[in-house]
Each structure stands twice: as C-alpha cells, then as structure tokens.
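What follows is chain A paired twice: with chain B in the first complex and chain C in the second.
Here is the complex of A and B:
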C-alpha cells in the first residue's frame, strides 16, 4: 500500500493499521490487502472488477472495511461490490473513498454497490468521501448503491463528503420488504466550482416498511448541488424525507423531493429548507469572541456533525 | 346565453344575473355577452380568439367577470385572454369555467391567461372549474396562467376544481419584481378515473419578493394527481410551498416540489404530506352521530374549504 493510500485511509476509514476484522483495500484499480474471517468471506468477482462480501446468518457485532483509493491522476476506477447479509446478522461496513489527483488528468472512482439483506439482517454503512492533491485534474467520485431489504431488515447509511471532491453523482435505490426500515443520513459540503448531485429512489413495497431520509448540505463559493429524492409508498408504510441546505457566497442548491402514494395507507412527508446562516447565530458567536469567518465555520461544522 | 351556460355560471361565478361590473361571457367559442366600464375596457383580440382586459391605473374595488362555458360535446375551445392591470389598481377577477358533455365526444376548454401587473397593482383572481352532464365524452379543462408582477405588485390566485372534470393540466408561471408578492391557494378534488396535473414555476426575481403557495388535494377512488412546483430564488426573497394531499380508496398522488436558490439571501421552504384521513378524526365524528361515509365527507369538505 502506498503512502497516499495510507493518508487517505486515515481520513476516510479512521484507519489505525490493519484492523482485527474482515477487510479489502482497493488501491488504483488493484487490491492492496484483504482478509476474510470465519463469518465474513470476501472473494474477487470472476466476471468483472470487484468483490463479493458474504456475511453468515447470525453474525453479530463484526465490522468490514472496504475502503477504495485512487492515488494519482489518469485513473478511472470502476468496481462492483456485492454484499450478501445473512438472516439475523448485524454488521458495520466502513466504505470510505479517497481520490488524489497530482496531475492534469482526472482521478475517478465509480463504485457500484449492491446490498442484499436477508430477513432481520441489520447493516450500519459508513461512507466518507474526500479528494486531495494539488493537481489540476478533477477528483471525481460517483457511487451507486442499490439495496434490497427483506422482511424486518434494517439498514442505516451515513454518508459524508468532506471536501476536495470536484464532481460527484450519487445514486441510491432501495426496495423495502415487510416491516423493513431504512435510515439515510447524508452530508455534503461543496466549495469552489464543485458540483454534487444526489439522487434517491426508495420504494416502500412491504407492509409496515419505513424510510427516514435526512440530507444536510452546504454549498460555498460558486459550487452547486442538486438533491433529488423519491419516496414511493406501495403498501401501508411511512416515509419521511428532509433536506436542509445552507448556501453561502454564490452557491446554488436545488432540492427536488418527490412523494408518490400508491396505497391509501401510505403516509409520506417531506420538508425542505434552503437558506443562508441566520444572522443572529453569527452575531451570537461573535459576541463570544469569534470573528465572522470563525463563527460561520463553527456553525457549518455543527450543521454537518 | 343558453340554459346550460346559465346553470354553469351559477356554480363557477356565483352568477346572479348581469352584474353591475365589467364582464365577458364566453360560450362555446363565442361571446354571449360583454360590458366594459369606465375604468375597465374589454376588447376582442384581432389576431386570435380571446380578449384584452385593460384596467386603468388607480382603479379600486371593481370586479371583472370573465367566465367561460362549454355546453356540449365536440367542442375544443381555445382562448387567449390578456390582463393589463394599471399601476396602483386593485381589482377582483372572477374567472370560472364549466364544461358540459352530453355526448360521446370531448368537451374541452383551453384558457391561456396572461397577467401584466404594473407597479403596486393588486389582483384577486378567483377561479372555479366544474364538469357536468351525462355524456361519455370527457370533460377537459387545461388552463395556462402566466403572470408578470412589477415592483410592489400583489396577486392572489384562488383556484378550485370542484368535481366532474375528467382531465386537467394546469400550468402556472409567475415572475416577481422587487417587493412583489404572490399567494396561490389551489384546491383539487378528483374521483373515478379522473386525472389532474398542476405545475407551478414561480421566479422570485426581485429583491424582497415573496411567494406563498398552498395546495390541498383529495384523490378518491382510482383518480390520480401530480403536483409539481418550482420556486426559484434569484434575489433576496422568501418562498414557501406547501402541499397537503388526502388519498382515499385507490387514489394516487405524487408531489414533486422543487426549490432552487441562486442567491445567498433567498430563503425557500417546502413541506408536503400525503396520507389518508386520520382514523381518530372519523371516529370522533361518528360518536357525534355521523355514519363513516358522512364523517369522511365532512372532513374532506373542511379540508378543501
């Protein structure tokens, strides 16, 4: 594993050396390390780039690390990772991605993740994205996440784009079975002329299924963001989507949430708010001794925490 | 004016005989009566079907009636009405539309309305739509409304589709100048296999402009509705959009509100909720002696009031 990968891993996966857990490190389209455990098997795919992660039914409290790094320009990484989570398993998946550009050409990672959660399976999915390096080439991360949740399954996705990613297109779909639940917490920060688009389609197919989608975003300088979400209620279900965005400078944010109820017992709610930081919040922090700039940073930090 | 027009006018314009005000009655693509007043002039267009309504600057407290009726099948009415509201005027425009189908073919009204509000002008625009008659031909009303509000202008649109309209496609756009304000209150009821689509694009172009959009809808039986709204903030402005929908039986409602802030001082908020009537509301009314059906009707009536 090269030095840049090591640095990126610290940021995106809280990497403190080889963990006592299953892991697979992807580095510039190759594999820089892998371990399976008794309950979690990681295998290379034979038909295309990527891995299959199989978690045995009933596995509890284990973690899987699958970070991916692009460490120089002129890399266009494409990977297909499939997660099979056995019935009743309860695991945490840490899936950060860092792209480092040092030259004129793009450094790009496209990760296509599919999740299959069997009955009663629970997954906490943590994902941090960052771009680094001084090259003029753009740092691009385009993640696709498709999840199928069987009866009583639960999935929580916490995704964070910290900074330095010039362009991102995030696509997430999920289909929820009976009493399945999904929680998504997305945090996005863009600055400079960065662009970010995030697109969710969550289908509440099973009776008693529920989704809770919270997006918080900050668009600084001349950056722009587009947030789209679709909650589709096909059964007696509940869906809630919430998008809060702070704009600064010449930042642009669009929010297009969509609710569709196909069933009389579907209850769907959406809220969205876009605006700048409230003046009184800044004033309050300034009376405590902070400069205006520091006050803004403090508020943004709290908002995205 | 024929009997059906008379009946339709009572419903859509609270018609109690020729009013003491400016009016134009459109009946089956023709004109069934018109009056201009000293301050409000109504003229036929010379290049296409429709009228120009010119309200003198400073006109206050006057009303204009411009109902349109289609009284039989196989009519496809298309009309262009332009409203020029002089500076400082304050008028009420009553613009109902009724379509009556008695045969196999469609009865259709397409009204394309443009509003030009000069500085400080105020308009209250009331519009009721209804379909009647026992014919198999569909009753269709497709209104297009485009409004330009100059500095300090104010426009309130109250639109109601009461029932019997098989298909409607409503398109409303508005561009608001400095300190201009727009309030839209839309009420839509669909039943059977009716479809309704309502599409708003409100551009908050001027500093201090504001828009407040409230949509309430009920989709019964197998009817379906699509609500789209776009609030675009291009200056220091405030926009609020709210969509509440009740679904019953196999009704389907989609809500797609969009917020876009192009200016750091734009504050945009959206809320949407789709669901059925709360069970406890029905139970409460039933304890007061109403049947379940009556209780539902009472709640719907209150919701759309």
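Here is the complex of A and C:
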C-alpha cells in the first residue's frame, strides 16, 4: 500500500491501520490487501474485475471495509462488487473512494456495487468520496449502487462527497420487498467548476415497504448539481424524498423529483428547497462573535455534518 | 456603560412614497450592572432599538457609546467582541447545528458536558434530552426560546439584550423564567436590557423605560413608572400626545 493510499484511506474510511475485520483494499485497479473472516468471505470475481462479499446468515455486529483508491492520473478504474447479505445478518459496510491526481490526465473510479439483502438482513452502508492532488487532470468518481431488499430487510446508505471531485455521476436504484425499509442520506459539496449528478430510483414493490431519502448539498462558486429522485409505489407503502440545497456565489442546483403511485395506498411525498444561507442565521452567529465568513463556514459545516 | 445619543431611525415606505420614522431622537443612558426593562405598545420601536444597539440595524442619525467608546460604526461581530449579546425575539433555527454547538459557540470556549447541562437546566430544560438535538424546526417555540436564553446566559456578556424573553413560553415555564432573571439580577452578571410586557419582569427592574411611537414616553424607577402603567391598564395611554415624556 503506498503513502497516498494510506492518506486517502484515513479520509474515506477513518482508517487506523489494518482492522480486525473483513477488508479488501483496492489500489490503482489492483488489490493492496484482503482478509476474510469466519462469517464474511471475500473472493475475487473470475469473469470481471471486482469481488464478491458473502455474509453468513445471522452474522451480527461485524464490519466490512472495502475502500478503493486511485493514486495517480491516467487511471480509469472499473470495479464490480457484489454483496450477498444472509438472512438476519446485521453488518456495517464501509466503502469509500479516494481519487488523487497530480498529473495532466484524468484519474477515474467507477464502482458498481450490488447488494442482495435476504429476509430480515440489515446493512449500514457508509460511503465517502474525495478527490485530492493539485494536477490539472480531472478527478472523477462515478458510483453505481443497486440494492434488492427482501422481506423485512433494512438498508441505510450514508453517502458523502466532501470535496475535490471534479465530476461525479451517482446512480442508485433499489427494489424493496414486503416491509423492507431503505434510508438514504446524501451529503454533497461542490466548488470551483465541479459538477455532480445524483440519480435515485427506489421502487417500493412490497406491501408495507418504506423509503426515506434525504439529500443535503452545497454548491459554491461556479459548480453545478443535478438531483433526480424517482419513488415508485407499487403497493401500500410510504416514500419520502427531500432535497435541501444551499447555493452560494454562482452555484447552480436543479432538483427534479418524480413520484409514481400504482396503488391507492402508496403514500409518497417529495420536498425540495434551494436557496442561499438565511441572512438571519449569519446575523445570529455574528452576535456570538463570529465574522460573516466564519458564520457561513459554521452553517455549512453543520448543514453537511 | 451604554449611552444612546439622539438615535433616530427611518425607513422608506414605498406605499406612501415617504420616509417613516421608527425611532425619533431617543437618548438613554444605562449604567453598569443595571436591570432595565423597556416596555411600550407594539410597533413602538423597542425591537428596532435593540437591533440598533447590537448593530443589526444602523441608525439614521445619532451615536451609540459603549463603555465610553463610540461603536456607531462597528459591525455586529465587533460589538459582540466588546461584550454585547442579544437574545432574539424569534430565535433562529439551524439545520445541523445542535444545542451544544450553539451554547458552546455562545460561551466562546470549550464547555464540558457538565457546564453545558447547567445552562440548560437553568432555563428549565432537561439537559440530557436536548444537548445533542438540532436547533431546527422540530423544537417548539417555547423550547427554542429557552435555548436562546441559555445561550445568552452562556455568553456572560457585559450587556445582554433580551427581546421579549417571555414570548412563546408557557405558564409553567414562565415562573422558571422569572427565577432565571431574578438570579441574573442577584448575581449582577453585567447589565440586562430587557424588552418585555410582563408585569413580573417589570416588577424586578431597576428602571423601566416606556417607548411609544418611537420616543421615550416615560422613564424612571419601577416604583414611579409601574403604578402608572398598571393604573392605565393599557400601554396605549402612553401613545404620543397622551402622556408627556418625563425623561
């Protein structure tokens, strides 16, 4: 594992050395380390780049780390990772991707993650993305997440992109079975001339299924973001999506919600709010002694916390 | 400590195509460690006066001195640094900032959990239930108001402006609020300038200032002003033209 990978790992997955858990570290399209445990098995795919992660039914409280790093320009990484979560298992998966470029050419990571949650399985999926380095080459991260949740399964996805990524296209789809629930919390910050596009399609197929999707984003300077969310209710279900964005300088945010109900008992709601930081919030923090700039930073830090 | 010299404030009224006076030649001196209550009818200019002292609004004319220093041209931040604090009438809500974030920012130092809890307990909140909560729309009007007062207490400023601290506070919590102000006064934690309509807050004031139609309509010790206010039963009697200014 090289130095840049170590630094990126600290940021994207709070890396504090080799964990006492299952892990796989992807570095510049190769594998920089792997461990399976008794309950969690990680194997390389044989037909394409990537790994299969299999969690035994009933496994509880274990963690899996699968960070990926691109440490220089002129790398176009494509990886397929499939997660099979056994019935009744309850695990935390720490993904995350760091892309570093000091060169003139693009550094790119495309991670395609598929999740198959069996009955009653629970997953907390943490995904943090960052770009670093001073090269002119663009840092690009395009994550794809597909999830299938069986009856009573629960998945929470916390996805954060905190800076330095020049271009990102984030696609998430999920199909929820009976009484399955999915919570997605997205945090995005873009600056300079960066672009970010999020595209969520959640199908509430099973009776009693529910989805809660919250996106908070900040677009600074001349950056732009596009947020699309589609909730499709095919049964008696509940779905809520919320896009809350702060724009600063010449930032642009578009929010395009779509709700489709195929069932009279599908309760679907979308909320979207885009605007600048409320002046009274800045004034309040200034009365506590912060300067206008410090107040803005504090408000954004809290908003994206 | 605080000297307001001939403060006037006007806004342009598009509808009437004219300037509208909110404050008209207000002069007021407040000494160290005083507990002064400003009262008067709605629309009389009380909140505007507090905002002008904090620097949120700039006076059209007049000067503000704080500890002898002319602060008329200073920013809100600079005034906060000098020791002026302001508890808003309608506290501001934040997405993502917690009660402990805001009370900590107010104290301007790292607060231990014990200290944080003490400020919340002082305003009648069970600290454990609130410390990690976001100061957002999920808090009721009374809860957020009490947090606002806890923030002002944590500031421990030389001069604290409270804009209608009783607004939105339920009857049960109101007794607690009075106790907070009694303690504040007893411990003489700096000067408090409180905008209030509540008799029990007026009752613990060193001095009462009645502001009506942008002018000081009455001013004096509570023993002089309070009976007049209570006799009239309505602050309307302090409207311009009905009562001579005695200050």
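In the analysis below, the second predicted complex is superposed on the first by the 305 of 305 C-alpha atoms of A that agree within 3 Å, B and C clash if a C-alpha of one lies under 4 Å from a C-alpha of the other, contacts with A are read in each partner's own complex, and residues count from 1 in each chain.
Criterion: contacts are C-beta pairs under 8 Å (C-beta built on N, C-alpha and C of every residue); 3 or more make two chains touch, one makes a residue touch a chain.
Model, not experiment: these values are computed from the prediction.
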First (chain B), second (chain C), both or neither touched by A:84: neither
First (chain B), second (chain C), both or neither touched by A:269: first
First (chain B), second (chain C), both or neither touched by A:304: second
Partner touching more residues of chain A, whether chain B or chain C: B
Which of chain B and chain C A:257 touches, first, second, both or neither: first
Partner chain in contact with A:286 - chain B first, chain C second, else both or neither: second
First (chain B), second (chain C), both or neither touched by A:116: neither
Residues on chain A lying within both footprints (that of chain B and that of chain C): none
Chain C-facing residues of chain A, complex: 216, 244, 278, 280-281, 283-292, 298-299, 301-305
Of all residues in chain B, those that touch chain A in their complex: 233, 245, 247-262, 264-276
Chain A-facing residues of chain C, complex: 54, 56, 75-77, 80-81, 85-86, 88, 91-92, 94-98, 101-102, 105-106, 108, 151, 155
